[in-house]
Amino acid sequence: MSWAGLFAVWAGSLALVAMALAVTRPNVVHALIWVVAGLLSLAAGFFALGAGFAGAVQILIYAGAIIAVFVFVVMTIDSGPEAIARERGWLGTGWKLPLALVVLVLAPAVFGLAATAGPGAPTPVSPVALGATLFGPWAVAVEAASAMLIAALLGARHLARRERAP
Amino acid sequence: MALTALIVLPLLGGVAALLAPRLGRDAERWLSIGLLAVALIALVVAWTGAPPEDAPGEQWLAMVRYQYAPALGLQFLLAMDGLSAALVAVSLVLGIISVIVSWNIRKDSGLFHACLLWTVAASNGVFLSMDLLFFAFFWELMLVPSFLLISIWGHGDREAVALKFLVFNAVAGLGLLAGVFWMAATAPEITFDAFVFAEMGIPPVAQVWLLLGFALAFLTKLPAPPLHAWLPDAHTMAPTAGSILLAGLLLKTGAYGLFRFPGMLFPDGFHVLAPFGLALGAFGTIYGAVLACGQTDAKRLVAYTSVAHMSIVLMGLAGGVHFAMMGAGVEMIAHAFSASALFLLIGALYDRVGTRDLRELGGLMQTSPRFAAAFAVFFSAALAMPGTANFLGEALVITGMFQVNWVLAAIALVSLVISVVYATRLLKRIIFGVPSRACVTQDLDWAELGPIVVLATGTLLFGLLPQLLLVVLEPAVDAALAPLARP
Amino acid sequence: MIDLPFFLVASLVLAVGLFAVGLFGLMLRRGILFQIIALEIMLTGPALAFVAAGAHHGDPGGQGMFVFVLVLAASEVALGLALYLRLGRLADVADSDSVRTLRH
Amino acid sequence: MSLSPFLALLLVPMPAMGAFLLLGLGPAHLERRAVQTVGMLGAVAPMAVMLPLGAYCLAGVCDGVQPIFDLTVGDAVVALALKLDPLSALVGVTVTAIGACVITYSVDYMAKAEVPDQRRYFALMNLFLASMLCMVLAGDSIVLFLGWELMGLCSFFLIAYHVTSARAIAAGRKAFLITRVADALLLAGLLLLFLEAGSVRLDALIPAGIATDEVRRGLIAALLLGGALGKSAQIPFHTWLPSAMAGPTPVSALLHSATMVAAGAFLLARFAPFLQAAPLVMAATAVFGAATALFGAVSAVFQKDIKRLLAYSSISQIGFMLLAIGLGAPEVAIAHFVVHAIFKSLLFLSAGDMTQMARGTTDISAMRGALWARPLAYLAFVAGAASLAGIPVITAGWFSKEAILAAAWLAGPFGVLLWLVAMAAAVMTAVYAFRPVFVGLTRIDRPRPTVGGLFTNVPVVALAIATFAVAPLVEPMVAFLGGVPPHPPRAVELLGAAAPFLGMVMAAALTFVPRLSMRVSRARRLRSGIRIDGIYQVTFVQPFVGLVRWLTGQKGGIADPVGTLPILGAERLTAAVVRPFAHDPLDRGWSRFSAGLVRGWAAGRRLQTGRARDYALALAFGLALILLIAWGTTWR
C-alpha cells in the first residue's frame, strides 16, 4: 500500500463530497465555492499521484480561470433571494429518479472495480516527459486543441455581444 | 409512290393547315383544296400507271410495299383496285366539297381543316392498305379527327354525342384488332400481310370467329341496325362538313371492309355467316326506312335513310352473287353522293334559317327556287329513281337477291316503296307548303351550288351512263367473288 | 482477474462518482447556470481517471489527455455562459425547461 | 354506227327533255313569253319528228331497233335501245299529238300563274312527255322502266303543283306511293325476266319468258299485271286517280286520262305474246278489266265534281282496254287507247274551259246553262260525251267499244259473261256521260256567251274533229297493229248500238226528274267509290303510322328501340362489373396501415420535450444500461 496512493484516494473522496454539495446548493455562489473546493482537493490528489503538472494546471487554469469566469457571470445576474427561493423550489421536486439512476450508474462501477484492488503505487510522471509527448507525437492534437480554443473564444465573444446594430 | 402520296399528302397537309391561318386570310382553306387536288392527281397517276407485276391478283391497279421491319413482320403495304380507287376518288372529292362548304367557319379554322384532311387521309389509308395492322391503325385513326369535328364545331350537346360516336366505334374496333392479332400470331412467321393470310388456310371454325370479330367492327361503321345508334346523333350534331365526311367516307369504310376481307380471308366463315348478314341487312332496310318516316329533324331523317341504304349494301355484300356485289359497290358510291348532297343542303338551310326541325320549315319553293330544284334532284336520288346511280345500285342488288332468295328481294322492294313515304315527307316539309316564318331569304350562292352541281352530275352520270362505274368495279368484284366460288 | 493497484481502482471509482454527481446535478437542477456547473463537475471525472491511469502506467499521455480535458472544459464554459447570457437577455429566463424550442 | 332511219327515234324525246333541262334546271332567268315558247316547242317538236316516223312505219318498214349503248354486267349484256314497231309508232303518234294539244291549251290556262310556277309547270310537263315517249319507244326493259318511273315522279310533282294546298300535296303523295307499289311489282317482274333472258332487249325477254317453266311464267306475268293495274288505277290500286284531280286540269287531261294512266294497258299490250303464254293471268286481266269498267262507270254516275266524274270514267275505259287484252285482243285495246285518249282529253279540256267560266269550281251543278254561257266549249264537251258513250256510226268511241264488246262475245262462253258486264258498264257510261250534258242544257238567266282564248279553242276544236274523223280509222288501226277486227253476229251489234241510247234516256231521267236527282246527290257512299279509300286508310296507312310512331318513341316507348338495345346492355354490364371494384379492399388495407404509422409518429414526437434535463435523464439511463451490461458480462 503506498501512502501517496492513499492520500490521492482521500483527496479524491473529499472532492467527490464537495462536488456533491455543490450540486445541491440552491445558492449559486455557494455552489461555486464548493466547486472551487472540490477542484482544489482534486489538485491535491493529482500531486499525490505524481502528476505535478496536472495539479498545477488544475489550480491555475481550472479553478483560477474557468471558475473565475463563472464568478464574473454570476455577478451579472441577480442571484437575489427570490432566485435562491426559486432554485430551492425546483430542487424539492424530481430528485428521486436522478438519484436512482446515479446509484444505478455507480453500483456496477463500484462493485465491478472493487474486486480488482491490489498492490501498486503511482509512478510520478515529470512535466518534461509530458512536454516531450505533447509537442512530439501529439503535436497535431495540440494544434487542434488550440484551434478549438480560438473558435470558442470567437463564439463566446460573438454570442455575448449586445446587439447594437439592428 | 403515288399511292403513298394519297395518304401522306393529306396527313402532312393537316399539320400544315394547323399553321396556315397565320399566313393570311383563308390560307388554310386554299391549302386544303390545293392538297386534295394534288392528291386527286396522284390518284390518277396511280390509276393509269402500269399495274404491278408482283401483285397476287390481276385486279390490282397499283401497289406499294415497303418492309421496314421484316423481323417483326411489319410492312407498309398499299394496293389499289377498282373499288378502292373509286372510293378514294369519292373521298377526295367530298373532302374538297366539305372545305368549300365550310367557308364561313371562323372558330380556329386551322384545326378544323386539319381534322378534315386527317379524316380524308385516314379513310384513304383504310381504302388502300392491305396490311391489316395499318388497316386497323387507320381504322381507329379515322375516329379521332371526326370526334374533334363533331365535338368542337357541332351543334347542340355535341360533346356527349361525339363521345357516344367514339365509344361505339372504338369498342367495335376491338373486334377487328383481336382478329388481326390472332391471325398474325398463328401465321407461320409473324406478318400482317393480308395476301399471306389469304393463302394461310385458316381453319373454318376460326374463320367464323374471325369473321364475327371483323364484322362487329364493320357493321358498327356500316351501320347495321343493332349497332347504328351512334349515326343519327352524330349526324344531327355534326357540322355540315362533318356530316358530309361522315356520310361520304366513314360509312363507306365499313362497307369496303365487308367487301374486301370476308371474301378474301374467310371464305368458309362467309358461307356460314352470310345468311345472318342477309337477314340483318333485310331487317336494317325496313327498320331504317320506317324510322326515317317518323323523324322530325331533317338530318336525323337523312341519317336513318343512310341506315336503310347501307343495309341494302350489306344485303348486296352478304349475297355473294355477282350482281349483288356489283350493286353494293355502285350503291356505296351513289349513296356517298346523294347523302352528302342532302346533308349539304340541309346544312346550308340550317345556316340560313337556324333550325332543322321539319315542323318549322316549308315554302322553299316560293322563296328560293334553286334551293328547291337541288332538293328535288336529290329527293329523286333518295327515292332511287331510275336515272340516278342509287337505282342502278339497288336494282342490281335486287337482281342478285332474286338469285339468292326471292323473299329478300321482296323486302328490298318494300324498302323501296317506304322510301317514297320518307322522301316525299322530307320534300313536303321543306319545299312545298306556305313559306313558314323561318323561310330562306337568299338562294344558294355559287359556293354552295358548285358542290351541288358536282354531286348531281355524279349521281345522274352514273345513273344514265353506268358503264363508267361498272367497268371500274368489274375486276374488283370478280376477284372478291373468286374465293367464294359460288355461281 | 487481473490485479490493479488500490489507488487506481479507488481513483477510477471516484472518477465514476464524480461523473455520476455531475450527471445527477444536470438531471436535478433546472437552472441553466447550475447545469453548466454540473457539466464542469462531470468533466472532472474523466480528468481524474486519466491522471490516475497515467500515474499507474507512468505514461505522460495521462496528463496530456488531462490537458485536453481542460481545454475542452474551458471552451465549453465559454460558449455555455455566452449562450446563457444571450438567453437571459432575449427571454430573461434562467429556467432551461421554458426554453423548449429553438425558435427564440 | 350506220345512219339508220331509226336514228330519228332518238330525236323524239330529245326536244321535250331539252325543254325540261332548260326550264327546270337551267340557271338563266326567262320571262313569261320565253317560258311559254320553250314549253310549246318542247311539246310540239316531238310530234313533228314522230309523224314522219309514223308515216315511214305505215309505208311498211316498221320493225327497227336503234341501240343507245350497251354495257356488260358479269356475264349478262345490258343493251339499251329504242324500238319502232306498229304499236310504238301508233301510240307514239297519239301521245305526241295529245301532248301538243294539251300543252298549247295550258299556255292559255296557265297564263295567270307567276313565271316561276309556269316555268316549273312547263318543265315538268315536258319531262313527262319525254318519259312517256321513252316508255313507249323503249326497246328494252331498262328504258321502259326509266320512262315508267319518271312518269310517276312527274305525276307527283304535277299533282302537287299547287304547292300551298295541303290537299294537292297529300293527293300527290298518295298517287306516288300507290304507283310506286305497282312499280315495285313491275320492277320485280322485269328483273326476273332479265335473269331468265340474260339480256334486257324486249325481243329477247319475251321469248325467254315464254320458254321458262309454267310457275315462274305465271309469277312474272302476275307481277307485270300488278304493275299495269297500279299505274292504270285499276281496282285494287284505283283510289289515287280521283284524288289526283287536285292537279290543274291540263295535267289531268294529259297525265291522268289520256296517256300516263293508260300506260298500264300499253305495257300489257307490249308484253301481250308473253301474257298469252300465261292463260290464268290473261283470265285475271279480263276479270279485273271488266270489274273495274263496271265499278268505274257506276261510281262515275254519282259524282258531283266533273273532274272526278271524268277520273272514274278513265278508270272504267281503261278497264275496257284491260278486258280486251285479257281476251287476247291487244290490238283492239290499243285502238281503244287511241280513241279514248282523244275524246277523254277533249272532255277534260272542254270541262276545264267551262270551269274557267264558272269561276274555277269544277262542280257539275256550276255547269248549268253552259250551252249559252260557253257554247264552243259545251259543244266540244257534247262531242266528247257522245264518243265516250259510243253513239253508233258517227263517233270513234263506238267503233272501238264495239270492237271490244265483239271481242268479248267471240271469246267463248266465259267471254259472253264478260260481255254482259261490259254491256252494263257501257250503259252506265252513257248515263254518266250525258248527265253533265243535260245539266248544261238547263236554262238559267241569260248569261252573255263568252269564248276562250285562241290557244284554248284550237286544240279543243282539233280534238273534236278528231273524235269524228278517227271513227272510220279504227278498223284499219286494228289491222295495222296486226290484229283481226272482230265481227260479232248482227244482233249483238244492234244491242251494242242500243246501249248508249238507253243510257241517254236514264241520264235525262236522272237530271230532270227532281226525285231521282235528289237520290243521286245523296248517294254519298257510292260517290266515294264505296269507301275503298277509307278501307285502305284503316288497313294500311294507320298500322304503318302506328308502327312509325311506336318505333320513334312518340308513343311513350324509348326511341329507336333496337338502336338503344346495345347501349342499355352496355350500361348494365359496366354497372355490374365495375361496382365491386369501386372500394378496393387492398387499397383500404394500405390506407389503414399508413394511418397507424402516423399515430405512432405523433407519439414518438412527444418524447422530444425540448428540456435539457430530460435529455440528461435519457443520457444517464443509457450510461447505466451500458455499465450494467459491461458489469454483467464481466461477472462470468
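So that you can tell them apart, the chains are marked A, B, C and D in the order they are listed, and the count of residues begins at 1 in each.
Keep in mind that, in the parts below, a contact is a pair of C-beta atoms (placed from the backbone, for glycine too) under 8 Å apart; a residue touches a chain by one contact, two chains touch by 3 or more.
Not measured: the values here are computed from a predicted model.
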>> Report the inter-centroid distance (CA atoms only) between chain A and chain B in whole Å.
In response: 101
>> Suppose each chain is reduced to the average of its Cα coordinates; what separation in Å results between chain B and chain C?
In response: 96
> If you average the CA atoms of chain A and of chain D, how far apart do the two points sit, in angstrom?
Replying inline: 129
> In whole angstrom, what separates the CA-based centres of chain B and chain D?
Replying inline: 32
> Multi-chain contacts in chain D: which residues touch at least two other chains?
Replying inline: 617, 620, 623
> Going by the touch rule set out above, which residues of chain A reach two or more other chains?
Replying inline: 97-98, 101-102, 105, 109
> Hey, what residues on chain B touch two or more of the other chains?
Replying inline: none
> Among line, ring, star, complete and other, which best matches the way these chains touch?
Replying inline: other
> Can you list every touching chain pair?
Replying inline: A-C, A-D, B-D, C-D
> Taking the complex as given, what residues does chain C use to touch chain D?
Replying inline: 23, 26-30, 32, 35, 96-97, 99-101
>> Touching residues of chain A toward chain C in the complex: what are they?
In response: 1-2, 4-6, 8-9, 12-13, 15-16, 19-20, 22-24, 28, 31-32, 35, 38-39, 42, 45-46, 49-51, 53-54, 57-58, 61-62, 65-67, 69-70, 73-74, 76-77, 83, 86-87, 90-91, 94-95, 97-99, 101-102, 105-106, 109-110, 113-125, 129-130, 132-134, 138, 141, 145-146, 148-149, 151-153, 155-160, 162
> Mind pulling up the chain B residues that touch chain D in the complex?
Replying inline: 225-229, 232, 287, 290-291, 293-295, 322-323, 326, 363, 365-366, 369-370, 373, 376-377, 380, 383, 385-387, 391, 395-396, 398-399, 402-403, 409-410, 413-414, 416-417, 420-421, 424-425, 428, 431-434, 465-467, 470-471, 474, 477
> How about chain C: which of its residues touch chain A in the complex?
Replying inline: 1-25, 27-31, 33-34, 36-38, 40-41, 44, 47-48, 51-52, 54-64, 66-68, 70-79, 81-86, 88-89, 94-95
> Which part of chain D faces chain B closely enough to touch in the complex?
Replying inline: 24-25, 27, 69, 71-75, 116, 120, 142, 145-146, 149-150, 153, 156-157, 160, 163-164, 166, 169, 172-173, 176-177, 180-181, 184-185, 187-188, 191-192, 194-195, 544, 547-549, 551-552, 554, 560, 562-567
